[in-house]
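Note that chain A is present in both complexes that follow, paired respectively with chain B and with chain C.
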Partner chain A sequence: MTAGGMPRRLAARIAGPLAALGLTAAAWMALKWLGGFQDTVLPGPGQAVAALADGLTSGAYWPHIGSTLGAVAIGYAVGALIALGVAALLAVSATAERFLMVPIIAFQSIPKIALGPLLFIWVGYGMGASVTLVVLACFYPIFVNAFIALRGVDPNLIDLYRACGAGRLRILLAVRFPTAASQIMTGLEVAVVFALLAAVVMEFVSATSGLGFLIQNATTTLDTPTAFAAIILLALSGVLASSLVRGARRIVVFWETERRDTHMEGA
Partner chain B sequence: MMEPRHALDVVKAVVPPLATGVVIVAVWAWATRPGGLDAFVLPSPMAVLRALYQGWIGGTLLPHALATGKAALGGLVIGALAGLASGALIVLIRPLEYLMMPLVTALQSVPKIALAPLIISYFGFGLESKVFTVALLCFFPLFVAAATGMRAVDPRLLDMYRAFSASPLHILLHARLPAAAPYVFGALQIAVVLALIGCVVSEFVASTEGLGFIIKSGSGELDIAGMFAAILSLSAMGVAAGLLVKEAQRRIVFWS
Partner chain C sequence: MAVAAYEQLRPTVVRAAPTHLEVADVSLTYESRRGRVPALDRLSFDVAQGAFVSVLGPSGCGKSTLLKLASGLLRPMAGRIRLAGEPVTAPRRDVGIVFQQPTLLPWKTVLENVLVPIRAMGRDASAGRERALELLRLVKLEPFAANYPHELSGGMQQRVGIARGLIHDPALLLMDEPFAALDAMTRETMMDELQRIWMSTGKSVLFITHSIPEAVYLSDRILVLSPRPGRLLHSVDVDLPRPRTIETMADPRFVALASRLRQAFVAMAEPA
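Up next is the complex of A and B:
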């Protein structure tokens, strides 16, 4: 890693997405032009961006952004805490694993998204139902990665700690979690996508606000530029949330960044 | 630990989860006993079993399960083939990769399901919307798997094929595709679940048939037992499809 290498690498990292963005806009315009679509069917990228700018400056979109991202953030945090707690319990206690592993896997076979209308009946309109669905959707990817990683710790290391008189909790915090951190972060990365998906679906089902609601509402009123603006916002939220978690990974698992970078360059 | 050499090991493996299941059902039955929770909140286990029986033996759920299954399968096949073909294309034509890869990585963190209402406004309430939504969802995992898998081929093998002047197509079919097969099946496992999810969400947004329609309309009519039956059927379809993919993988990619 030379001093001159950094800006060039940064430029390469920015150039790719920019080219992709330009390409998307070009393909979008070409599609509109070739298909001869009307604006109510397929607005141009300019119209969508104009609707976006309008919605943001007039403040009309902010409550929707807030309720979607709020539900995602709260549900994701709660889901991650529950998943990590359950994974730690099952990793440490063979008894807990015996009693709970099969039921958890059975629960995993239910597509969580399908529970949306049921949660609507149980929790009602509003953010509560979205948060609940996000919690359910986040749980498994975080749990399964954490469980496998917490279990896969070098037994010799655990024996060493045990020989020195460390208790289960001490081993969990000092050995298992640091060793598992990388894979736990992988689970957290996967779960971000599920969280956003769950929030949007819940908003399709029942919400009165949120970006999913905005999309559906705009589509039924043929306000297609708004629908596209909301989709752009969702896309941005998805990219932003993912890169936040990836940034967190770089901080939490700081000893791995070097290797990951070289790996990405090799790919 | 997991080798059931003795009868005791089998008992140890089977009894605890069974006990958990029994406790869950018992608490559920107790909570929904006559005079307990309202059936509009939580139906009793018996009511759910009755709804399942009614749905599958009585035949009320069957056409909806078929509608969902048909759309999911159709979309899966189209999306998977398109993903495989695009993945192969960017492996064969290098410059395409630099254009496509950033776009695809960005799209991976975008919830594509958000397009469902728009897709329905383009294609209407019927099969086409569902198939399109499902195809869109299934495209990405297969595209990524095909692209990574076909590049994971042993370079010495490629050199050998080239040394014997094999055409690019021949190399693709005989060297790259087999190398990609394990990746592709891994992605198919994900795509099967995505297919059902995409289908159900499309049915949530607007539809006249399908398991998603039953679940959604059940919440309007407070037919909670019917919703449970539909959700359980959906889960069973997902599990069955996943097992099918696994079995196909075992037979087709027999070497790994």
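Up next is the complex of A and C:
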């Protein structure tokens, strides 16, 4: 690598998103100007950023950020554990698959967000309801990717282990899970977005804090700059959470990233 | 009726070595949703201790089924299989398997991949490290012990697979078209390598292939199977001197044998 390689590469990585951001702001301003929207209907990007800076420096937003991200993190972790557990069970047991596959698909056909008002009745105000909806929303994308990948392991590899007397559990842990890791990471990546969505929706319905609550609250008082500030925070959280999962993927499935790099160098 | 039409191409040489693998009257039919698919039909043959026996046949003659039967992963519906005198009723640990694809674990180093059967048996892998390194030396991959499979070429990966098949010191090595996925040049080198490895370890080998030159080059005996369901059509002894080399392939006896086997294949392909 050349001496100037690192900074240049970094600059190249930042330039794209920065340009996209600039274009979005420009389009936003153009829309506001062309449509002749009032500030209460559509604030300018400057006002939204000002509200955001104000909310962050005054400390008013932090509890909201904390409760949304908290609900997302807990719900996501719990949902992922359940989904991986169920996927593993179904992957090794044909009986479990026969009994559980239809209920799981039926459950997947329900838009999870439709359960929000019911969860409010069952769980009430607060973070519990958000966490629950996040768990439900995360389950399927993680489950289905994990299940397909755990099942799709090279049968020869399974035979090799079986021929050595390995049982289902050893094969599950030593072969199926590592082989499935890449696709499991894909499911985890998709689920991040579902988790944020579920948390915000539940906050619309039942929360007393959180970014969804902030949006709901701000719009009832026509404080649209605050609503936009919260939306910007949500977008940032989504980007941050996704890149965390992607970063984890590079570490977990290191051989895949390296293989791609080797191929690119070879090309 | 076709069986009766083909007598053995060469009389079987009486061997002093005891029988290692005995396959007697073995039949197996797969039950699937679309009906019954017979894979093997009353197949009988022996593999002598330390012998290199190839199974040659068209695609879908039940060759891979045969390997699963010999390793105890499948049970025959009729007939019996004995390994070192004992009936095979469950997966056998004194058998090593090498597949058509290297089927290595991409997250493990070459050394760790060789140790996979030891771990799969639930044994302590650290005790096998010395042997693993020794086997890597045998397949000429010792310098790559710490590398990952994706850093190796296809031929090298397949050699890791062979070392893995030998790690638990099995008496019988089952190989399922191990060179089929390699390019022609690598294949020839690998044939040579396998002969050297076999001669230095003294294992019995059951080698599945659909390459006639490969079978002639490597084998003491070649079994020719019919298309599905697999039946034994010919059993041919190859008594060319060892070690065989590139020159052996130009030997008139080699050429004649290969051509006779090819004719047998052509006859098989003709509609009855």
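The rule is simple: the second predicted complex is superposed on the first by the 247 of 267 C-alpha atoms of A that agree within 3 Å, B and C clash if a C-alpha of one lies under 4 Å from a C-alpha of the other, contacts with A are read in each partner's own complex, and residues count from 1 in each chain.
Quick note on the criterion: a residue touches a chain if its C-beta (ideal position, glycine included) is under 8 Å from a C-beta of that chain, and two chains touch if they have at least 3 such contacts.
In this text the structure is predicted, and so the values were computed from the model without any measurement.
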First, second, both or neither for A:157, with chain B first and chain C second: second
Which superposed partner A:148 touches (first chain B, second chain C, both, neither): neither
Partner chain in contact with A:123 - chain B first, chain C second, else both or neither: neither
Partner chain in contact with A:19 - chain B first, chain C second, else both or neither: first
Superposition-derived comparison: chain B or chain C, residues of chain A touched: B
Partner chain in contact with A:50 - chain B first, chain C second, else both or neither: neither
Chain B versus chain C as contact partner of A:113, first or second or both or neither: first
Residues of chain A at both interfaces, chain B in one complex, chain C in the other: none
Of all residues in chain C, those that touch chain A in their complex: 68, 71-73, 91-93, 95, 97, 99, 101, 103, 105-107, 116-117, 119-122, 148-151, 168
Footprint of chain B on chain A - complex, ascending: 16-17, 19-20, 23-24, 41, 95, 98-103, 109-111, 113-118, 120-122, 192-193, 196-197, 200-201, 204-205, 211-212, 215-216, 219-220, 222, 224, 227, 230-231, 234-235, 238-239, 241-242
Residues of chain B that touch chain A when the two form their complex: 12-13, 16-17, 19-21, 24, 40-41, 98-99, 101-103, 106-111, 113-118, 120-122, 193, 196-197, 200-201, 204-205, 211-212, 215-216, 218-219, 222, 224, 227-228, 230-232, 234-235, 238-239
In the complex, chain A residues that touch chain C: 154, 156-157, 159-166, 170, 174-175, 178-179, 181, 253-256, 258-259, 262
